[in-house]
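So, here come the structures, one by one.
Both complexes below contain chain A, partnered by chain B and then by chain C.
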Partner chain A sequence: MIYDGIVYLISASILVSAFYIQGQRYIMSMIRGQLVQSILIAAASFLLAYLENSLDLLILGALILILRGILITYMLETRMPRRKSYVFEEGVNVPYLFLVDLVFIVIAVFIIYSIIFSTLVPISQPGNSSTLLFPLLLFFQGIFLITSRRSTYTQIVGYVEEENGLVLLAIFLLPVPIIIEASVFLDVLALVVISSVITVEKSTHERMEELRG
Partner chain B sequence: MLTLILETATQFLFVLLAAPLFAGIFAKFKAMVESRKGPSIFQPYFDLLKLLKKETLVPQGSSILFRYVPYVAFGVYCLITLIIPVVIPVPIIFTASADFLGGAILFSFAAFLKMAAAMDSGSNLAAMGVSRLASFNFLGEGALITVFIAVSLITATDNPYTTNQYLVSNPSANITLVHVFATLAFFMIFLYETGKIPLESSGMQELGMIDESLNYEYSGRLLAVNKWSSYMKQYLLGSVLLNVFLFPWGLYSTYPYFLLDIPVMIGKWLLLIFIVMIIETTLAKVRLFKILDYLAVAFTFSILFLLLSEVMH
Partner chain C sequence: MTPGTLISLLLLLVPGIAAIFYFNSIRLATVVAASVDEVLSVLLFWIMPPRGFFFVDHTTDIFVFMITSIYLLSSIYSLRYISNKNATGLKQDTYYLLINLFAVSMLFSAQVNNYGLMWVGIEATTISSALLIMTEKTEESLEATWRYIIIVSAGVTFAFISIILIYYSFGTLTVSTIINSGITNTLFVRVAVSIALIGFGTKIGVFPVHTWLPDAHSEAPSPVSAMFSGVLLPTALYVLYRIFEIDPIKSLFIWFGTASIVAASLFLGYQARYKRMFAYSTMENMNLALIGIATMNPIGIAGALYLLISHSFSKAGAFYSSGNILRSTGTKDVGSVKGLSRRMPFTSAALLMSSLGVSGTPPFGTFFGEILILYAMVLVNAVPQFIIVVIFLVFAFVGINLNVSRMIFGPPGEYREPGRLMPAVALVASMVPLAIGAFFMVVNYAIL
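Let's look at the complex of A and B:
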């Protein structure tokens, strides 16, 4: 009972961290928010490893902490321009973003979750699949972060957040998720490496300029 | 029956008479933290008395709305006093006249009346404050009503007294996720509605003025009534925060123990004043257009609370 409460608490903190990232203007605090989110996901993994007595989840937690928490944060931070604490994105309308984000969440909860996910069985609480809701919400927020911003750094953070949602789903749902984390890690690492090259070229994207003939 | 009448009278008179006291205590404590001597804790009463004796000036061209709305708003707050658990933890005589959501809508109604009256004065400064209030309130009132709806989801009834009883009898319900979210959202709304420092600098400073500008054209007796309603509003919102969300324990209902509720409520309010004072003295005022961000966060918390209470139960 108490552990279920802690799992819920960690999941809700992850959700709040996603909102924190969504509401940030400064890119540096966004990256730090992603760090906090990864640490929280690692904590969820460690907790479930303790509960299930599973070595896989323990290794997975350590992998998340090292690769996602430290390595990606380090790579993103070193790619930032020199006066990094001053780099921010203009034209971020927080109330508008939050309201649209809430609409996403309402759709996620009441439509997709109630139709598709209510029959699945998670690790932590058999018979109650409500923890599976949080990965889905995180996934939606990652997508929305990518679509709502123009800065390349923000879009990378949004992608990482989306992958965080997948990893969280793997933690909550499957007993052997290391293969997923490995593939997702390679995915993210490749993306971060490639996009850090791109950010040298251009740090913001105007609307659809690439596709203009 | 006699107990019921006594309880009703106690709750009504306590809110009516003691509401300015908490504003005074707050001002005094804040002055002490800032190393000032500060006014007496009874200063709000002296202010009200002084204003009641002064001449009332009414702007030329204002209508009957301007002159009578302060009394109507005062009456609305008196009605709210009787329907939510602000002193006595059991239902009293007029409780059945509205539920929790009714209370929230009455708060919105009083705010609307005051805005309409301020617009009626024809003053530019009042119109500026009204436009600020109107552009912020769509999130503030939304969050307030959402929190109240969500509270009713926990106990499956729209009765704040039941919520209070439920929280007292189930201590573990006070640390559930939904409750924490709701408390946070309601506390943010409380700071906004009472105009505390991260959002509004008190007094007549034009840059940070939101709620105060509604009183700009009022004077004399009408200003006294308006100020008194503000104190009552602050007391009512704070007591709902304390009794339904933050600290539901310690209230008694049977004769003669219900008289103990008065010192208990004062003690609880000292706790709340302490928390608010820490926030007021440590944070700087946010810029005016950032208030919408703040309210969006409160609204987000309240909606999350609504969703989580729906999913987890």
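Let's look at the complex of A and C:
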């Protein structure tokens, strides 16, 4: 019973980290928020590995910690300009975005959950599908971060957050074979590496006449 | 290891071996690797691997053949089109390295017998092809690269929910096992198939998640645009087809395809830049093939395959011709290019044939593919969609050919052919769909 409580506590903390990232204008804070979020997901994986005596979940937790937590954070930070603590995204109306986030995303996720996902039976907690709400919220928070911001860094963090939502869904529902999960992690890592090449050349994204229509 | 498995494995290894020549002669190694892969893909028609790590049937064969053919044509075309002088975003050698990896990731996605690894392969196509868009490193190409990465990755990530739900429903991700278990109609499988439509649909160009497509196609170098349009999108469509087979939700797929054709035809109609126009034409053709597959009728599926293989060559020809025109005129604007036929006769011929091909004119293979798909739509009682599709196909036909006519005819400008190799490749690519059309007529005559 106490372990159920811990799972909920970690899940809620993951969600708080997503809202924290959404509320930031400073890029560095977002990257650190992503680091905390990845560590929390790794912690959830380790806890379930202990509860279910699962080697796959243990390896998954280690992969999240190393590839998402350490490597991706390191790569994003090293691509930042020297005075990195001062880099922030201009023209972002945080209260307005929060309002839109709450009205559309959170309500939409609750509707999607109640129609489809509430009938799923998670492997981790049979008979209790409410933990699946957290990965869904995280997933759509990531998509919202990508669509609501124009900075390359923020969009990368949004993409990683979206992927984190999927990893959490797999951990709670049914972990896919570790070979596939590992390939997914490497794919995401490679995408972040390639994205970081673009950050050097182009840090914000505006409308362009040549690309209209 | 069986001969078939060896062929499938070699198809993946040969471009990888070419990549080893990164520091020395990678251009030549790429052309040789693509030629070897082309021969292997033909052999695969007769010598198939048993179900195991690979899942190859005759449908897969057609996709593998398409991939290797356009890979070969683009490698040859790149010999003249890409040089260190104009490839300022990527070194020439890096360009060829990525072309090889791009081919490997597509061949892997098409052959592997696991939905999870198919997803990994599709994501790998984004990784290997993203930097190719910014080969010429213009401001627009950087923006197009970024839009491609973020939109496609976000969309394909969505498709992973579908993979998780498939695994949850079947306890395995092996394609052959799941397909052989027959059609499974449960809520979670239906949700998985629907999510796959939106997720993989991002890569295929399904409306409204198609927005990266015109940007990437117009800003990538022409041989890369040809690979995107000719084989990358069909590869994603192939993966979606394999998921669709689990539980065919016909009406959803047919309506989405119809809406996408309407959107593509409308966008296509007012394009002022020829590469963007061809990009929207790709969207139109891919969604017509999606409808053909969604009918789940043998005639519709045969039509989709005819359309896809003919379209891959026609569209490659269109983008190679566009590359020739861009090199010669320096503009992508339809209105700024006139009278090509006098000064660039070979490129004009290739452009005309490929535009007739992509718009489904008889006797090109695309025409027969379209007819079969439309016939299948009537057979499955999709009559309202049939009427809408026919109207907008006519719309797209007029839009493309009117613009191309304006570019080809009229008073001649100060242009000249960019050498011999590039027009020759464009001409060869645009003529293949004629041969496919002739093949269809011969087969049809023999059967009837």
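One rule holds for everything that comes next: the second predicted complex is superposed on the first by the 197 of 213 C-alpha atoms of A that agree within 3 Å, B and C clash if a C-alpha of one lies under 4 Å from a C-alpha of the other, contacts with A are read in each partner's own complex, and residues count from 1 in each chain.
We take it that a contact is a pair of C-beta atoms (placed from the backbone, for glycine too) under 8 Å apart; a residue touches a chain by one contact, two chains touch by 3 or more.
These numbers come from a predicted model, not from an experiment.
By the touch criterion stated above, A:S130 is placed in contact with chain B alone, chain C being left untouched.
When both complexes are overlaid on chain A, the residue A:S195 reaches chain C alone and has no touch with chain B.
Number of chain A residues touched is higher for C, counting chain B against chain C.
Residue contacts after overlaying the shared chain place A:I105 against chain B, while chain C stays out of touching range.
Contacts of A:G91 after superposition: neither chain B nor chain C is touched.
On chain A, the surface touched by chain B in one complex and the surface touched by chain C in the other have no residue in common. Chain contact summary for the complex, chain A toward chain B: residues 5, 8-9, 12, 15, 19, 23, 94-95, 98-99, 101-102, 105-106, 109, 113, 130, 133.
Residues of chain B touching chain A in their complex: 139, 176-177, 181, 292-293, 295-297, 299-300, 303-304, 307-308, 310-312.
On chain A, the positions that touch chain C within their shared complex are 116, 119-120, 139, 143, 146, 152, 155, 158-159, 162-163, 166, 169-170, 173-174, 176-177, 180, 183-184, 187-188, 190-191, 194-195, 197-198, 201-202, 205, 208, 210-211, 213.
For chain C in complex with chain A, the residues that touch the partner chain are 114, 116-117, 119-120, 123-124, 126-127, 130-131, 134, 137, 139-140, 142-147, 149-150, 153-154, 157, 160-161, 163-164, 167-168, 173, 187-188, 191, 214-215, 218-219, 267, 270-273, 276.
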